[in-house]
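All chains are identified by letter, namely A, B, C and D, in their written order; residue positions are counted from 1 within each chain.
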């Protein structure tokens, strides 16, 4: 992203909106006219990060397409809490088929549109980490390698939350899940397992891959918008918090996602055709402990006794992310230069 | 396509979940609050700083000015001479540096003068007459507010010009007289009668003669305290207030102080006196102070500016003897309680003039014979409405027990005006002395509660990193030779920048965060556009608390649901 | 109904041969059914294909176990696979070889069959000559038509032209015709009517 | 147009004439020739507009078809055997969502042991998936029934599986009357979906339904499929009227009106059976056949009236429900409940074993002679299975049956397979 020197605003680009910023420079979410692709009355837990992430992403996609959008959804929390008969929370054409096939259903939708000569309607597939990283991965990979015109969004809350918090391929080491319990020598999820779906996506050399979190709304929206400006297979991996599975207060959902970024646990980057093209720098670097201590799924690292060796291993993972993606800029951060344009 | 054809149950109407009122899940509810920001809480003039910054950061300078004018008719003056306790209290100190509130206020005041923005229109004439004795900041502030309340106000002062200590105690280089005059003119324009050069010696008779329904006493503390220093007959000793007052007497010409001037004292008046002496041509201007720098009562910025101008300070020093051209001084040391104790070591200091800046006193002779008025330590006792023990006679400013600053005095004037107004109308008293309902700023949303906002209540992640803008200062060389204003104002872009550094503690700043972060779309964004544009949709709010947690400025809080 | 079984190896066009034979019959307005021995065989493995020809709709789907004719495209199979299994006593045998039945040490084995219905043909040689490649199918089909009379050589040529095009088709047709010309006159037409009425 | 053509190519060209807009497929024998043919037609621009999607699995194939169908595109795929099982989850989903996808199943056995040859184990395993299942006897019928399948599917908004015997039909070259494109267009109107993913009229497809309505949803699915018992004959009649030949429908009787013995079967073996019946009739045996064209929905009443006058019924089926026996015969039992008809079950042709006329003759003779009991496994090599079962009795770790038996017949040598 290029920085433009502009007027400074109180909350800059960090808050959802800002009454001082030009309307066209405000986030989609700040707009009274946002699509609310997923609307009120859904049955997500209090403080659900996935509900938030889905609205952020789809509203941005709705704006980018002028509402000309179809979504396919994998089985999972998002699907279950949004469409229990007789009520649907979706306000766009939406289909749920199975747990593992959302990417393929999306391909089918895109193929149908192409066959019908419809070049304007766009397709988004979405699922949780289970439906994306694990059971849906073959379909996802197929969609990628065929370069189907689909944006697939993974809302990653790092475990099977719908079924009661079981380990997935996206569960980080040391995290408690009901199938990686906090017992034994190395409590929680095993070390040396799991995969980075976004890096694997990147390896398909598709036109666009990005990671994002619900803690950085504008970044997420910008990435969705960029993705929608591109044709072909695109992937956005959004870290979403789960108060239930992570053991966080419902009010902490954004804070913890922020900590994931600021500690280097979750690198936020963009890539295209196999290369990482941009990273979001860490604003105020924090030790991983701040992140771990905020969640009861890591409580066993601190109680009944501190497991310094394990905490250091987590820190080492974060450090590696920081080195690998260059998450800390040696050049001094110029806060004023990085704010969005507009204002009076 | 008929909906009847769609498969039963597995195909649904969009948005139909709005029938499912998830608000029933809630055990706590978020509520918007308006709290008193620390700046406003600390302002002696009760300015609602957060609110006028809110307008200023939008570039609505006149609106911001009018917001100040609700409380304080002297933004341009206060923007120069106020020691801004607001900035000391500012939560932003804990993030980077305090918001430059004072500089923005000055910018607004100057904009108002340049733009000829007027005072608000007074209320309908009440037919009541109020006499204000003393045309200093508290008297003028009272006159201004009384006039706005519809009362006929007469201001009397012994001096030839209005302003009190603002004119006769504060040097021009801190407060240019055209700024003072401009803000005074706005008060005169409200119809306030000024009777200047008129000394009042008998309050009761003047009240009866002029058929005044009430009186506000604001005679200040014009008498310099004469510290008893043994002095030779040839020693030239003057008091600082006289020096500063003489600076305004154009007919008399500038006072002659000599080449070397010593100023005795450690308050702001001492700084003013020393800096004035320097400007009048003194090669050496020396301040003699008994204690150490950290115990000095003068404001840090005043000392800093004085030091920049070449003023020297003799710390831990007292003057034992004054003679022609020289002073005998004694070194002091602090005891375990921090009090200065003599050491018996003496020294000599060359000084053509010794200026005493060791305190000020009030001349209360005009109250002789007025029944019910109590005095204590040379000042008049008043209640929370600033009424003295004598019905209908109020007092404020330096002559009542309080910190003696312009801003405190302005606050007294306003408080007294409302006290007088209630007394005149026979309206019930208020607990705080603040007028009822006056705290409502925008007329939208609840009135601010007198709860201050601790830093921890803020979510400072959302504020951009932005250190304070440093106000430019006049070049030091030029400063010591002229009475041009030392501290320069902000231009519009820097003023705007500074205003926008405000974190809006405890008050919604319309950042849309609550609206944006609600996972249940349960925050309704209203199209009022102004200050307060959100409502919680309790039909759907599950009470997760994200809006509260993610509110940058602490303008939301969770309240338990009544079960 | 005339049932033919073709033996060869994967990659030798055994399946195509059956198909071409069926097309030749179809072109004569007859019903025909060609199908392979449905295997997962790879190149080089023994392969069988079948072709039924009849004047009415062919309904049966069983493999041909009692053929009226066998075509052996690859003589190396002779001693590995029971290529004559179920062959009717009056059946035809066409072998791709430069050698005679006796030379192939098949004299004894062929005792029960009508000798004029047994024929070897140097189809691979002919293919090399006409196509430049050792693809014996067209030659075998040409000879087979001449030997059995179940379809005409012209129909075989037409089937080849339907399946292939240009010089490839013509070269194959020439190979088929050349092979037909090598079939001894004692066989052929004389047997045709008998075959059809079988 | 009359052509001598491979079954797969005939189906490919017929499907192409039905103007599918999305075709997705994953290769599996013996389905491959069909989708190869279609991919060539799409690539060559002969089938346009149409998207041919090379997917990474059968699961994806059905999923792409689901997405495409829900977006209003006529969608087609083909599979077999393991592939059908791999898409099983999606099969139930497609029918549950009421998407009129047409799929060819080139019937093939299921592993283990892996076996690429024909039987009906694959499609029979999905008989409860909510798909309409049509079985064809010949390649001509395969062509004709594919045409009808799209019309049936779209009339009912239900998916249809056209089952044709792998290799036996798909790889057989025979005479087929291919329709003319104009005839097809006249017979098959453009697809008008009942529900559609359309931004102009958004809806939510695929909701979660709990105990409060799931039974009703299932009931309605059943009710809707049962409507096919009316629709299929109507479409078959319309087909006959336009194309002048009779194909498809629910059932087809062959010389059974007065038969004491009726053979029930489905798929290509019916041809062989009919030949045998002709022979037996010539010998004075009172025998006929009933070909099941529509297996799902099960035309129970029609089956009953076609069979109830017979003395005995011999069900010849190419699938085995392990643990009970015949699958079709269970359904026939249900249809003939309360009648005096004796029902015999014969499992034949598993894993591609040829069903020969001689075996059938023997089977029918045994049936007529009253010598069939329980479930008959046609051409079962008793010595092989007896030897193996003896081995199982002797040692607990008897090893894999298939390999043991192959060793017994001398196919597997000393070395690994």
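As a convention for this text, a residue touches a chain if its C-beta (ideal position, glycine included) is under 8 Å from a C-beta of that chain, and two chains touch if they have at least 3 such contacts.
Predicted model, so just to flag it, every value in this text is computed and none were measured.
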| item | value |
| --- | --- |
| Middle chain, criterion being Cα centroid separation | A |
| Interface with more contacting C-beta pairs, comparing A-B to C-D | A-B |
| Subunit A and subunit B, separation of their C-alpha mean positions in angstrom | 48 |
| Whole-Å separation of chain centres (CA-atom averages), subunit B against subunit C | 114 |
| Distance from subunit D to subunit C - Cα centre to Cα centre, in angstrom | 34 |
| Distance between chain centroids, defined by C-alpha means - subunit A, subunit D (Å) | 45 |
| Multi-partner residues of subunit B (each touching 2 or more other chains) | 9-10, 12-14 |
| Touching two or more other chains - residues of subunit A | 83, 85-86, 88, 90-92, 94 |
| Per-residue multi-chain contacts in subunit D, two or more chains | 97, 196, 201-207, 209, 213 |
| Chain-level touch network, classified as line, ring, star, complete or other | other |
| Pairwise chain contacts under the document criterion | A-B, A-D, B-D, C-D |
| Contacting residues of subunit B [partner subunit D, same complex] | 1, 5-14 |
| Residue ranges of subunit D touching subunit C (in the complex, touch as defined) | 3-4, 6, 29-30, 116-118, 138, 165-168, 171-175, 268-272, 274-275, 352, 354-357 |
| In the complex with subunit A, residue positions of subunit D that touch it | 21-22, 24, 49-51, 53-57, 59-60, 62-73, 75, 89-90, 93, 97, 196-199, 201-210, 212-213 |
| Subunit A to subunit B touching residues, read off their complex | 7-12, 14-20, 26-27, 29-30, 32, 36, 38-44, 46-49, 51-52, 55, 82-83, 85-92, 94, 217, 243, 249-255, 258, 333, 335-336, 339, 344 |
| Residue numbers on subunit A that touch subunit D, as the complex places them | 67-70, 72-73, 79-80, 83-86, 88, 90-98, 100-101, 104-117, 121, 138-139, 141-142, 145-146, 148 |
